[in-house]
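For reference, the structures are reproduced in the following blocks.
Look at the two complexes coming up: chain A is in both, with chain B in one and chain C in the other.
And then the complex of A and B:
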């Protein structure tokens, strides 16, 4: 009896949770007259997608986001791997203090420092550039922490064996540590991609032209109530914006969820 | 050899340390400095004013309102998200038809940008033609301006936030549930413990480390995520839904009042530092369960 009740509860909750997305899909594929009228005989149309696509440079926004996410990830992988390796395997004065300073960024995330970081970007002449959006995130305390844990778990005997064969510090990193840390690197990459694909506040502040705007900022401008776009168009634009990441997630669902877990449980 | 180890270590951390220093540590120091100076202009440079900016904040009723909103927002979203996440995990942990589909349905909002989520929910809350008013209309109830009414605007934002983040926290509970030894449940059953007693006395304490982790993340989110305000309310009506980070944004980029923005940021930094200390204290306790 209670099992049946649980099942009903699970499905009701599931229906409730997916409803907003289903509803957006409904609005996007029907003419505006049916936006709030649920009639199964309503005619289907893809015109909302076509019009949204034509009214704002969505392909450009998506390309910008793609470049941004790739640049951030590439820099993060290099910087975090190097730093994590340094913290995990080399003894130098002040190491623990420096590591504690790195961890500060876990709590004081770049979003909180928008005012000062904007001033810095203005001084560097990086306002309204993709580099300007990405730079504050390129060294990630979270990535360093995660990789340091992984590197520390790699047996030191592997080091010695490679060292005897004449491997330098960087050769060791490339041939022993990075290959063994692959699962962690993949997990971190997926978390980073989903985070930065969806990031909004800082990109909004530091960009002001369509040539550099990422998709989240483009969508917010397109859907702003002041711009007076109709509901089906906003729905279509929203679906266009979320499709790339959602598609990647649906295909690699297990890997994504495993990554979030891996990254969260540490 | 040791000196070479030192040099290699420093060189390896140097690039990341430089970026972190430039965009985390230096800005923190600058924020504190700027919060102690007056607004400068071309003819009058900024001068040291001590705690004047903070006194001005303390005298600003909107600041207290925004701070109160943020605390209410945290109190309204954090426990609800955690409870729902746990409920979801318990519901889909056992074998049932469509388990995969249900997990997906719970988790999907997590993968959307907050901006997209806000776009979807905007139409629910629109007066008269919005979904919420239409459903109420079916039952002959009057509609209302959900986002335009100070009494309902914050709960509306909280509901959306809970919808957005519960599924994310669910996966941590699911992972934790999978590590629970099945003998425990068996033993509790043999002792005649009901479902609720088992949950309260055995399962929930066992899940405490997960709850702590989720709790810290949820609280952090309540203070750093304000994207939805840009679409749904712009902090209105009359600051009824304004949150600290959005208020900082307004001061810096709309009112052009940088000293106030610095002082507000310093307050937020202090709150986050407090959260970090709490996390440390909680992590120490977590050891007991290992």
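And then the complex of A and C:
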């Protein structure tokens, strides 16, 4: 009985989750008149995709987004792993104070810092570069916090055993901590990728030219707050933007789900 | 990822080496928002390219910067960080905030020649209302709209109304809407959107009832005047009493879709929608000026050019040249046809292009005809918070949570508190 209930609940949740996507698909392949009317005989069209594609340089935007999330993720993995390792396993004066400072960063909404961050990027000469979009996010407090907790939960005995075998601090990190923290790293990577794939305001503010702008900025052209949205067009553009991420998720689905189960975050 | 940076640097180095380009080259950076649908960034890029061709000594970086709010944040962030920004297209109602932050200069300081002064007078006065403050011109109209009424002529014919005589008064509109509303809920008579820009729509209703929402110097609001309360009550009654509009709020963003699907026979919406409605309507539709009550009326809306304080004197001169170019009658006509925004000067409606367009598609001239009755959009110091107070009052009334009088009195009290320091 409870099994059946689980199945029903899973289907309901699944249907809820997929509904917006199904709607976007429906709206994108039909003329505007059918955007909110369900009629199986409605004529199919790919014109919406063609029009959306023509309005913004999507291949360029997708490439930019790809470079951006990859760069951020690579830097985050390196920085957060090293910082978390330091906080978790080394005793040094001021460690707790420092860690508190890192946590403070978690409490501040990034939007508050936009003007200040922009000024910093301007002084560094990084306005209108992909590095400029990514830099403020690279030392991620969330990543440090998450990995520190994971490292702390790894049994000290493993650490001791490796030391007896003659492993140095960095060797320990590479051979013991990182392999054991893999589920957390993968889960964190997924959160990071989807967050930065979707990030809009900061990339818009700090960039000027289409050569460096990510896909969300391109998508915003279809927002049209004053006249109201053209649903077929915005659906087509949305599908173009989410497809790469969606494909990646479907391909790596099994690993992701397992990582989340292990890491216990969502 | 450093490609762009080094390319610029290389180009600069080459230019220095060859001594290429005019010695007095001025570079301008301009941010602009896009808030109606369509490939508008390309239209702007095209106009800028034309300007650069005609003025080889000026280089313009025209940067699309999201919606009005995003664009303001971006322009101000750039300015505070010392990045170049000489002019921008920002919301016409941001004028008071920009003046208060001391980031803009009036056009009068740059437009000094007799020719320039004549140019300042060449726009429709209705469109200058939001830009002229304390006798100085802070904003030049560019992407400007107003509210008009779109109506479904086929639906009018179906219920025996004259499709060429749209309702001209509130009572005519209610009568027509009663005939047009279908009892099964498949079609409403009229819809006035109340999310997104509720204060804007309300500016129209208040004016039609003989009242403005704020004083010309932006330090007083008149939300609790009896005629204003009556206007809000009328809006509420359309749904609650006359049953010709859905009760509660009407979504701004999806209203066009509803109109196109025939779910409402009339809608009040921005002229910025005209090109989109024209492209998608499968029925015969008309556009008319808004119906009036004590008098006709509609607020203007949209974006103005602003000159930034951070620009050097040469840059200001070049920026003025650019603004003049972008708002010249031919460009204004081209812009109006591409977007549905208004031509900003009487001369733009005299250009062959816009005359031909208005002849073949008469709705294009409706906004112009309404301009003689138009008033400024709600714009005051502390604008964002005051608009929010009014929006909340409107929505509370429309959803039936509070009576119009009480809701507006609260909004007025809040506005008084916010504006006290400016009086």
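Methods note: the second predicted complex is superposed on the first by the 202 of 266 C-alpha atoms of A that agree within 3 Å, B and C clash if a C-alpha of one lies under 4 Å from a C-alpha of the other, contacts with A are read in each partner's own complex, and residues count from 1 in each chain.
One rule holds for everything that comes next: contacts are C-beta pairs under 8 Å (C-beta built on N, C-alpha and C of every residue); 3 or more make two chains touch, one makes a residue touch a chain.
Owing to the predicted nature of the structure, the values given are computational and were not obtained by experimental measurement.
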item: Touching partner for A:198 - first (chain B), second (chain C), both, neither; value: first
item: Which superposed partner A:231 touches (first chain B, second chain C, both, neither); value: both
item: Which partner reaches more residues of chain A (counting touched residues only), chain B or chain C; value: B
item: Which superposed partner A:169 touches (first chain B, second chain C, both, neither); value: first
item: Touched partner set for A:130, first chain B, second chain C, both or neither; value: second
item: Chain B versus chain C as contact partner of A:118, first or second or both or neither; value: both
item: Touching partner for A:181 - first (chain B), second (chain C), both, neither; value: neither
item: Partner chain(s) touched by A:245 [first = chain B, second = chain C, both, neither]; value: first
item: Partner chain(s) touched by A:7 [first = chain B, second = chain C, both, neither]; value: first
item: A:54 touches, of chain B and chain C: first, second, both or neither?; value: second
item: Contact residues common to both interfaces of chain A (with chain B and with chain C); value: 35-36, 114-115, 118-119, 201, 204-205, 220, 223-225, 231
item: List of chain A residues in touch with chain B within their complex; value: 2, 6-7, 9-11, 13-15, 17-18, 20-21, 23-24, 27, 35-36, 78-80, 82-83, 85-87, 90-93, 95, 98, 101-102, 104-120, 135-136, 138-139, 141, 144, 169, 194, 197-201, 204-205, 215-216, 219-220, 223-225, 231, 234-235, 237-238, 241-242, 245-246, 249, 253, 256-257, 260-261, 264-265
item: Residues on chain C engaged by chain A in the complex (per definition of touch); value: 1-5, 29, 34-42, 61, 63-68, 70, 73-74, 76-78, 80-83, 145, 196-197, 252-257, 260-261, 269-270, 272-273, 276, 280, 282, 301-302, 340
item: Contact footprint of chain C on chain A as seen in their complex; value: 32-33, 35-37, 54-56, 67, 71, 114-115, 118-119, 121-123, 125, 127-131, 201, 204-205, 208-209, 211-212, 217, 220-231, 233
item: Of all residues in chain B, those that touch chain A in their complex; value: 2, 5-6, 8-13, 15-20, 22-28, 30-31, 34, 87-88, 91-92, 94, 96-98, 101-102, 104-109, 111-117, 119-124, 129-131, 134, 163, 167-168, 171-172, 175, 195, 213, 217, 220, 223-224, 226-227, 230-231, 245, 248-249, 252-253, 258, 261-262, 265, 268-269, 272-273, 275-276, 279
